[in-house]
Every structure is written in C-alpha cells, then in structure tokens.
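Each of the next two complexes has subunit A plus one more chain, namely subunit B in the first and subunit C in the second.
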Partner chain A sequence: MSQKISVRIDGQLCTAEAGQTIYQVAQAAGRHIPALCHMEGLSSAGSCRLCLVQVEGLGRLLPACTTPARDGMAVTTQSETLAHNRRMALELLFSERNHICAVCVSNGHCELQALACELGVTSVRFPYNYPRLPVDASHPRFVLDHNRCVLCTRCVRVCDEIEGAHVWDIAGRGIASMLVCELDRPWGEAESCTGCGKCVQVCPTGALVEKGRAVEEMTKRRGPVLHLAERKEARP
Partner chain B sequence: MSATTSPGTPPRVRLATMWLDGCSGCHMSLLDIDEALVAVAPRIEMVYGPLVDAQEFPENVDVTLIEGAVSNHDDLEHVRTARARSRLLVALGDCAVTSNVPSMRNRWPVKNLLETIYVAGTDTGRLVPTEGVPPLLKKSVPLHDIVKIDLHVPGCPPAAPVILFTLTALLDGHMPDFTDPCVVSKVRFG
Partner chain C sequence: MSRAPSQWFAGLDKNFINKAADDNAGRPGALLAILQAVQNRNPQKYLPREAIAAVAERTGVPLSQVYGVATFYALFNLHPQGRNTICVCRGTACHTRGSKDLLDKLRLHLGLVGGEDDEDEAIATTTPDGAITLRTVACFGQCALAPVVEVNHAIFGHMNERTLERELATLERPAASRREPTP
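Entry: the complex of A and B
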C-alpha cells in the first residue's frame, strides 16, 4: 500500500499518495490549474509553464504537472503573481510563431486560444517573431503546420507511450526547436508511422490536423487516446 | 446625428471609428448590435469614421475605435493623429490587436512580395503600383507597436455582444472585463 501524505492546496488540507504530482493532488481536490502541455494519460513534460504554482518557502515558481507533492507542502494555485506569469507564458507562445487564428482550421477548438480567453489575455505585449516556417503536407491524410506548433510534445509522448511507434522528436534548442518526424524527414516518407492519427487528436492547436478541413472545422477527439491510456494503466 | 442635449442629461460621448488594414468586418459587427444601436445612439456623437461624412479627424474625441493593422505610411499617420486627438484609443478586432491576416505577408521582404503579386502573378499589369497608393511598411504590425492603446477588444471580428458589452462599459465610465461570465464565452483571441 502506498504511503499517504498531507498537502495544503490553497489552504485546503488534502490527503494524497506519495508520488502524486501537485497537479494530480490539486485536480483531486477540485482545484483548476490551467495547463497546455499536460494531458491526462500521458507522462508530463513541464514545457508550457502554464501550470506554475507557488510552494511555500520556495522563492521560485514550480510547474505543478512535474513537481511531486511532498508531505507538509503548502501550495498556492491562484494568485496575482501566478496570473501574471501564466499570461506572460501564453503571450510568449503567441509571439513565437504565426498563430493566425482567423485562418486556422482549429479556430474555436484550440486549447491555446481557449486559454487566452480564460486567463484574460487580450493582447501580446512582446513583439511578434514572424518566423518563416514550413508546412509538411506530404502525409496522405494529415498535415504538420510548424507555424502553429507550441512544442508541447504531446504528439511525441502519445506516439511513444501509447502507440509505441516513436515517430516524433524535438530537434534543435530553445527558440530554434522544431518538431521532427523520424530523423527529420517528410512525414509522408516516414517508415515507422502507422498512420493512427493519435498525434493529431492530442495536438492542442492547429499544428497537427487532418487534411481536407476548412477554417474552424478541425475538432479533435481525445476519447480514444484517454481510453487506451486507461487500459494501459490497468494492465497488470 | 445631433449633438444637442436636453438639460440634465449627460453630454454625449464623442465617438470616432477608424478603418486601417482590415476587411471592415469589425465595423459590420459594430452595426450588428442591431436594436441596441437605438439605446447607444442617444448617448454618443459619431464624429469621424467610415460610417459618417467627416473628412478630417476632429480634436477632443472621447473614444476612438480602430479596426485594422498598421501596414502602410497612411495608416501610421492616421493612428498617430487618432492617438493625439483621442482620450481613449481602442484596438477593435484581431487585425488591430495582433495584426492577424495582414501579418501573413511579414515573412517576405516588401519588394519580393509586391513583385510576386503584381509582376509574376499577372500577365496584364507588369508593374508595381506606386501612384495613389501609400508605400507599405516593412511589416504589418498591431496598433500597440506604434501608439499606446488603452483597450484591446479581440475577435475576428469581435462578436456583436462583445462590442455592445464594450460600448456599454465605456459609456458607463469603466473598462470592460472580458473574463466576465456574461461575455467570456463570446470572446475569442488570436
């Protein structure tokens, strides 16, 4: 039997199991923490910095999705400082690439866009980067548009952990990071891709989409991936 | 629209609108507040914009709503005039807020862009037009890159209820809060 620990989330005393992340404990306690790269059923990456929380006694903010809860920890999930930092993280994501929602197939069904409304982002204070990025439409059924990629790595993780193919990876560093297919070849030439489309369904934006969709038409189905993740978890 | 007010009623808010590099969709959405226009009209005096006749941007404007991105030298001059003569400057819609669709040309140098469209892209024109059109800026940018903006109203276009929510708040003398439960589901960013 796993060890029980006590954690305070926004003043509320919660009982958790050792090894659970702050995000999991907060979620079980009914506290909503905004998140983008995190997805239930997949491992955590901590790359988007939207789930940052304050831990009492620590001078820096920590991502809730990758930080294990410890006995006696006191966590704040909502504050002015956090709202400020989360908004800034979101604005930096918008400024980094070319997210032109008005002409995006995922407009209205995009997690990045929804978070902007939720967190009250109405403009981006940083200068836009306007990078020149390619669109890979070589796959017969899917498209990878780097202009809309936020490097959350959900696709990398779902392909590796659920499908078991590991087609995707991140190449480069920092702002030059790019999602790559196999060892950086066109998606249509990938030998390991099974064409299952899990990466498309978990992508939070319009970076990975089905072909033949017009503006606002791309809705994603997370159900099958969540179901498979549960089955995997339950396996003895 | 008359500017006269009967004694005891508050003075009308001097409202201007401006159309820069946008599709006019935001102005259409403003008109889409439909019957609410009847309630708004007596509280405002429309002093400038594509919906009225005024040729010059007047002095002492209370609120100016600007649609569109800043893409050429005329836009630059207009947005600076609006800033200098308005108490409150509102970026209306995604082109004004993020530069949106006009920014899609920012990845190419202006010269290449114009030659691709007006020379390589046609078999009749063969020339990049220079007369009667203002020169393009290197990049199409959001308003706040050029002047201080007091309020951003996102959306492509902002939904009519969001525009009405904004106008009502401003006419009542406060800033709108777009995370308010009565509009949050109608606000779209990006």
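Entry: the complex of A and C
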C-alpha cells in the first residue's frame, strides 16, 4: 500500500502516490508539460530539459520527468520564464545538428518539429553548427541519420529495457556525443541487434527511420512498444 | 579507433582480464577499474577494440555500454599513445596568459597541423612516429603558475615558447626512447 501525498500543480490540488514524478502527477491532473526525451513505458533520462518546471521555494528549475513529487510541493508548469527556457532549449537542439525539415522523411510527424510549433520557435538565435555527420544505411531495413539525432536516448532505453539487446549507447561526451551501435560498428553488422525496429518506432525525429520512405512518409507506430511496456510492468 | 588488430592483445594472457574482473566484481564502477587495469598493462597505453570486446564479454556489460564508458572518459585512449606526453592547460587562467599560442606553436613544431585529427581542441593527438602525444586539459588547478604545461607528468609553470622548446629538446635528443617508468 503506497503512501498518498498531495501536490499543488499550477494551483490545482492533486493527490498522488509517493514515488511518482512531477511529470506523472501533472499528466494525471491533465496538465500538459512539453517533453522530448521522456516516453511512456521507458525510464526517464532527463536529457532534453524541455520539461523543466518551477518548484516553489527553489531557486533553480527542475526536470519534471526525473524529480519525484513530494508532499506539499507547489509546482508551476507554465510561465513566461519556463516558456523562454523551453524555447531556448529547442533552439539549441536545432542549432546543434542539421535539422532540415523540408527534405526530412519525418516532416509533419516529428516531435521536435511539433514542439517547435507548440512553443512558438520561429527562428533560432544561435549560429548553426553544421557538423559533418555520417548516415548509416548498412541495415537492410532501417537507416540511422546522425544529422537528425537529438540524443534523447529513447532508442538506447527501449533496446535495453524492452527488447533487452542494448545495441545502442551514447559514445563521447558534450558536443561530440554520438549514438553508437555496439563497438562503433555499422548497424548492418551488429551481432546483438534483433532487427525488431523498436528504436525506429520510438525515435522522436527522422534520425531512425525505415528504408524506402520519401519526404513526409515516415509515420511511427508507438502502440506495440507501449503495449509491451505495459505487459512488462504487469508481470510479477 | 585503430582498426588494425593489436599484436599486444593477441599476446596478452587472457587470465589478466579475468583477474581484473574478479578483483573488482560487485564494486560500483568496476568497469572503470577493469578498463584502467587493462589499459595500464598495455605499453602503448590504449584500449584496442579486441580488449574492449573481451572486457564486455567477461563482465556481461553490453558492448555499446563499455564503448560508451571508454569514450566518455578522457583517461581512456582508443589509439596508441606516444612515448612522451605533453599536456597543455586550456583553462581560463592559462588561456589569458597565452596557452592558445603555446598550443599552436607546439602543434606546428610537432607537425600535428593539417593532419587527419586537425582539430583545435582535440583531446589527444600523437605524432606519426609515436614519439609524442599532445593533450589538452581544462585545468590543472595550478592557475597561479599560468600558463601551465605538463611534460611526462611533471608540471612546468610560467611557460613560454623558449622554455617549452628547451623541454622539448630534452625529450627529443636522447633518441626519444626516454620513457617514464610505469608506476
């Protein structure tokens, strides 16, 4: 029997279970917090910094997806400061790699693009980085395009937690961080990859896609992954 | 990472990895200790691909995760290291006292300009003859001595082009075979 706590989200009093994150409590209360790296059914990484919220009495912003709610906490999920910070985080993501929507297979079905529209990012104030990045098309059915990767690590987590193969991980650090397959091997030569395609379906952008899709054609199916995560959760 | 098979690894007693893994089993951060033991065993102070694969196999940690750890920490090298190491501090204090110029001069002097790894702030580059590895570091914590350069793990403060050239000459003259004894 878990302990009940009360949390105030944007002034609204909510009852939650101890151990739930601020994000989960807010979602149950019908409050929408923008997020990119967070995904239902997977562990939280807290890497995108879009779900930052203001907790009363704290000077700094906290990521809602990794912060456990505490009894008596008062959280603000929408404010001018938060909107400013979220827009800035998105702009930094856009400036980091080569996100060219017009030629992207995920155009119109991209979470990064949708968030930019939602938060009103109309221009990027930082100079673009234009890195020279490879595209790995060695897999018979899928493509990895590093130019469109936001390093959210959803693919890393789904492969480790749901599929259990742990083919992907992040190598390097800082601006040089890259998604790697096994020992920095072409995906098509990976020995541990089962070819299940879960990483492709959970990728929020056009970084992991199916082959043979033209611009705007890549829609992702999250259903099966969510279903598997639920069944895994329900198992004793 | 060098793709050529490592002769050193081929000749390595595989029990060494087993022993390193057993010594650290169950400890948090065991992977770091194991990788460090393997790297220190290699006279060229780096982790060949085969070694990373062997550590992953022995510990049961996924290959990509071991690779992620090995590339995250500047301590681990994926390329053979030079017989001598020169480390230039690129912290704020050293930067204001001209460490960028020192670094540029060094790279020019060692012929590390225009090569494959020609990046301004690359963490480590080695001369083609394997004599010297040039590294940068964010701060040695010796800011009062800025600009600071470390030569084979000895700290030299208030460096300028002339004193640096003098240190280089002592490295290069005795047939570059001078190697620090491994601790």
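The definition used in the following text is that the second predicted complex is superposed on the first by the 236 of 236 C-alpha atoms of A that agree within 3 Å, B and C clash if a C-alpha of one lies under 4 Å from a C-alpha of the other, contacts with A are read in each partner's own complex, and residues count from 1 in each chain.
Here, contacts are C-beta pairs under 8 Å (C-beta built on N, C-alpha and C of every residue); 3 or more make two chains touch, one makes a residue touch a chain.
From a predicted model like this one, the values you see are computed outputs, not experimental measurements.
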item: Fit or clash between subunit C and subunit B when superposed on subunit A; value: fit
item: Which of subunit B and subunit C A:Gln113 touches, first, second, both or neither; value: first
item: First (subunit B), second (subunit C), both or neither touched by A:Phe94; value: first
item: Touched partner set for A:Val103, first subunit B, second subunit C, both or neither; value: first
item: First, second, both or neither for A:Tyr130, with subunit B first and subunit C second; value: first
item: First (subunit B), second (subunit C), both or neither touched by A:Ser192; value: second
item: Following superposition on chain A: angle at subunit A, subunit B versus subunit C, Cα, nearest 10°; value: 100
item: Touching partner for A:Thr122 - first (subunit B), second (subunit C), both, neither; value: first
item: Which superposed partner A:Val180 touches (first subunit B, second subunit C, both, neither); value: second
item: Greater subunit A contact set [subunit C / subunit B]; value: B
item: Partner chain in contact with A:Asp169 - subunit B first, subunit C second, else both or neither; value: second
item: Distance in angstrom between the closest Cα atoms of subunit C and subunit B, superposition on A; value: 15
item: Overlapping contact positions on subunit A, where the subunit C interface meets the subunit B interface; value: none
item: Residues of subunit C touching subunit A in the complex; value: 1, 49, 52-53, 62-65, 67-68, 71-72
item: Touching residues on subunit A, where the partner in the complex is subunit B; value: 94, 98-103, 107-108, 110, 112-113, 116-118, 120-125, 127-128, 130-132
item: Interfacial residue positions of subunit A with respect to subunit C in the complex; value: 160, 165-173, 180-184, 192
item: Residue numbers on subunit B that touch subunit A, as the complex places them; value: 91, 94, 97-101, 103-104, 106-107, 139, 141-142, 144-145, 149, 152-154, 156, 177-179, 184, 187-190
